[in-house]
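Here's the structure we're looking at; comments come further down.
Chain IDs A, B, C, D, E and F follow the sequence of writing; residue 1 opens each chain.
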Amino acid sequence: MRIIHITLFYFSLLSSYTSYATSVKDFCVADLQLPNTPSGYPCKSETNVTADDFVFSGFVPGNTIDPFNVRLTTAFVTSLPGLNGLGISAGRGDFGINGSVPMLTHPDATELVIVVKGQLTAGFITPTKVYLKTVKPGDIVVFPKGLLHFVVNSGVGNAIAFAFFSSSNPKTEILDYLLFGNDLSTSIIANTTLLDVSQIMKLKAQFGGSG
Amino acid sequence: MRIIHITLFYFSLLSSYTSYATSVKDFCVADLQLPNTPSGYPCKSETNVTADDFVFSGFVPGNTIDPFNVRLTTAFVTSLPGLNGLGISAGRGDFGINGSVPMLTHPDATELVIVVKGQLTAGFITPTKVYLKTVKPGDIVVFPKGLLHFVVNSGVGNAIAFAFFSSSNPKTEILDYLLFGNDLSTSIIANTTLLDVSQIMKLKAQFGGSG
Amino acid sequence: MRIIHITLFYFSLLSSYTSYATSVKDFCVADLQLPNTPSGYPCKSETNVTADDFVFSGFVPGNTIDPFNVRLTTAFVTSLPGLNGLGISAGRGDFGINGSVPMLTHPDATELVIVVKGQLTAGFITPTKVYLKTVKPGDIVVFPKGLLHFVVNSGVGNAIAFAFFSSSNPKTEILDYLLFGNDLSTSIIANTTLLDVSQIMKLKAQFGGSG
Amino acid sequence: MRIIHITLFYFSLLSSYTSYATSVKDFCVADLQLPNTPSGYPCKSETNVTADDFVFSGFVPGNTIDPFNVRLTTAFVTSLPGLNGLGISAGRGDFGINGSVPMLTHPDATELVIVVKGQLTAGFITPTKVYLKTVKPGDIVVFPKGLLHFVVNSGVGNAIAFAFFSSSNPKTEILDYLLFGNDLSTSIIANTTLLDVSQIMKLKAQFGGSG
Amino acid sequence: MRIIHITLFYFSLLSSYTSYATSVKDFCVADLQLPNTPSGYPCKSETNVTADDFVFSGFVPGNTIDPFNVRLTTAFVTSLPGLNGLGISAGRGDFGINGSVPMLTHPDATELVIVVKGQLTAGFITPTKVYLKTVKPGDIVVFPKGLLHFVVNSGVGNAIAFAFFSSSNPKTEILDYLLFGNDLSTSIIANTTLLDVSQIMKLKAQFGGSG
Amino acid sequence: MRIIHITLFYFSLLSSYTSYATSVKDFCVADLQLPNTPSGYPCKSETNVTADDFVFSGFVPGNTIDPFNVRLTTAFVTSLPGLNGLGISAGRGDFGINGSVPMLTHPDATELVIVVKGQLTAGFITPTKVYLKTVKPGDIVVFPKGLLHFVVNSGVGNAIAFAFFSSSNPKTEILDYLLFGNDLSTSIIANTTLLDVSQIMKLKAQFGGSG
């Protein structure tokens, strides 16, 4: 039984690829149905590529991340397949009053933030120093690759920022979700952060963690 | 007790660090006074780095490129030294009525265009096909690395777009300037493009070329 | 005694290797039947690889590109699968009298040209300067990655040159084909290059463009 | 006869080499007196390179990081200059009873941990899952690049582990030092982590933070 | 209140994720059943990944390579699939009296050797110089990428060393196996190395070569 | 005394770089007077760059390597500075009767060989197999990066080949020079290759080795 299915898969694979004999080289639009590789997704057949593969049409306010009063939208390779293998992608943050992008890292991407509306206080942290700046429309801020950073709405009204990443599919690691949103045991968290057990349990209740 | 030990550790750490004063590793802010290298500028000493090295404050309408009725601004490593070695940078285009970003390439950078205001028609060209799309605010367009592309204001009013590049210092090669803005001889241009000599001379007059 | 032990080792090595049949690591010959990825084609099973995968036997005069009186041959990964993932490939140009390699770019590859016969005038163009040289057998010319370049037969007879690229599958973007060989509209070309409409229509007729 | 010719060749080789005295290509030992670049330190002149540039002699227990009861030693490019540009380095951890390597990231390096003595519980965290394993001598654990991770001594005695990094100079970002060891304001920490102010102030006291 | 909103966000996040089931980005564990690519193996579906994919449990003495009286063990991507795409791997050598790691290269990986027990003499060779050092526990030696190297047990007893490589799947090219373990003709070996025919035939007998 | 010299150096450095305020980005021609870096040489000021930096004029028969009856010429970055950072270079071999390029590796470069005249037998070796081919003008052979290879003149007359490398400054490691041309001790060579002592001493005499 299994062998038959594999064979069928093999033939469908062959037939879908005989169409572009000389391959794709001006770009490599992601075929999101095939497994990813360390360098990105395999390429769609060029005959199936259209201008729409290079256009993203929802760069508008996204879902609210409520405890932080911010709405986030992302245009990564998984929703904009023309970005595949090209090392760039985009995001948008809409900040409510006192809203913030919580403490997070993008281990594999530098982030460039353009302020579009309002006033933001943005910072990143190294082992020896905090780099902090209050910025307004007309300002751009850089968060170097892999560094812990945050953005706080420090103005009186709402704020909007666009963000750009030096990766087609940047990892996004929000500290609170990592520490308090899964089943990592309270004792391990306590030992490796020195946070109080009561603090850990309070935030686990808020972010859905168990253990 | 603990604090004392931490302090001791802190000092021993500091003293071991002072032995290699120029060690910079969380980032490498460009020292623009030193010669560039294939991987980017040498790093400024970390003691001279401030938050301002990561902030660009002129992301506003730039100089007009007159025959094309567009104003361009760039935030590359040479004006935002915190981008050094990080593979990302930004630009902004303000389009007058019928303005356009002329036919050009960025050989070493993918470009991501966010429409901020108005309506634009953006396209890139491969040897076999043109990928063309009319886009509005809320849309993002990708120009894959190295491909010839253009952006035309196809709306009734002005338009604004932000652009992001997968390079800290993208090359920008505007076709008309390359062909008609220098001393490349008319006969070579004619031989290698089949443009008419009269056309070449007319555009040389417009773009300042001699020869 | 020693030989026996070696043999045993050899077999244990073999048996541990058979568990991952597809492990290829000394090279990665392209399996051109499978879809490409941003880093190159998936690897053929090593058991199917032969010396012929690393040999190309048609490095002889190729097809004529007629308006330019030049014949071009390429040995890229699609015809020399042993090049896969290795970042190098080759081409050959045979120039007729007054023949030329037309204005073009290889966005992802530096090109190295070796003059084999005759006299050529080769050049590349940056936004600020033209780098031009007349060269003969015994000379090598470099066209840095992504820059617009051309080669003209400036001698009295035929000429031959070999070219080498820092990519296994270099993109080749001939300016005339990009501008005049597809359905890009005449008005967009006119707006973004300032070429006259009559010139555009004349070259579209020559290179097969519509629109 | 042959030897004479070799000698002649040898001298002509030498004389052609002496024209570029600093040509180094078999390796690039760091000249730590010169400023770093995004690809690593400039190379020492090969005439000054000795075998000692490739040897590190202090891979023994290091300084105690007291609140966590672990001693850490590193062999990075700054103390082993032969690693320059080569993308690998080493560390060693000696764990006291209940000791731990605290929650941290290496944004630019995968880490490979070899257990040498005792029993360790090692884990890394993704936004959706914790990957946790208790390991003993003969085991190796991988922490993929950029992910938050930790190692806890879960055995009854001391423990020793060697660590290897896919970077010559890996960034080391210990969470507690980042959040509580500098002058980042308590209100920003509270807003972007939801930690209680009292918790923040307690840990700032412990790790030396102000603000 | 807050918790409810978080839950809603969590579900909308989940639902947007389910549309691209195979999206893996925090790591790319090798699916060893699929063909390798120049950047590594395709990624296993994240739902099938477990902590065991990041753990190797056989870092103990390996098979004897008898003529050289050394036992070698490797933890490469093919036995530790979590290493895929991450550029690091490990090996272990257990040296008998007078044992040695024979003359070899890893063309694509720097090697870092940690002495665990005994005394070793380790060296690498450049065209102009031999870099040689006798090392003991507490010492680390670097063999820069691609250089011919060796390790000899120069102490009185057994010795143990751990090795780390800047590649997930380093090529290992032992000189004797390359020259004398296959069907390369004796005359070609003689012509290209100047070894005597009798010497070649003697070593072919020992290493299993024919021709 | 020292400080004064450093200061002078510093000022001369400053004055030589103030001339190109916005840096070099279309290419990075090597400034061979400055120390190399892992990514290549620092860039010459663009104002000092001329077309000659991109042209090499000695691609003619080179010095004889006598025992092997072959003449070699190289066009690497040190003699063709426009190649800097571009990952490509060239060489030429002129083979006498029975001449050969001896057994060697280029650890960091794939090599592509074009046969120009005569008949060559070219091969490379993996741990499991020899890939061997006899080739003539019109043929191209690939030696994948880092693999041990050789080229033998197997025709009746002289032969010529051009070679291209996927590195601007490829390492060239000729086996005989590595083993027998320096002061590596005979006993280490014997232990790590199993070559007979008499063979080693004979070849040391031929290649100039001591020890």
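Here, a residue touches a chain if its C-beta (ideal position, glycine included) is under 8 Å from a C-beta of that chain, and two chains touch if they have at least 3 such contacts.
Note that this is a predicted model, so its numbers are computed, not measured.
Most remote from chain C, judged by the distance between CA-atom centroids, is D. Look at where the CA atoms of chain B average out and do the same for chain D: the two points lie 34 Å apart.
Note: centroid distance chain B to chain E, computed from Cα atoms, is 41 Å.
For chain C, residues touching at least two other chains, in rising order: 26, 34, 37-39, 41, 123, 126-128, 132, 145, 147, 171.
The chain pairs satisfying the stated touch condition come to A-B, A-C, A-D, A-E, B-C, B-D, B-F, C-E, C-F, D-E, D-F, E-F. Those residues of chain C that touch chain A in the shared complex are 32-39, 41, 77-78, 169-171. Here chain C touches chain B in the complex through residues 67-68, 98, 100-103, 105, 107-108, 121, 123, 125-130, 132, 145-148, 150, 152, 171-179, 181-184, 188-189, 191-196, 199, 202-203, 206, going by the rule given at the top. The touching residues of chain E, counted against chain A in their complex, run 2-3, 5-10, 12-13, 20, 22-26, 28, 31, 34, 37-45, 84-85. Listing the residues of chain D that touch chain E in their complex gives 26-27, 46, 50-52, 54-60, 75, 80, 82-83, 86-90, 110, 112, 114, 116, 123-124, 126-128, 131-133, 135, 138-145, 147, 162, 164-166.
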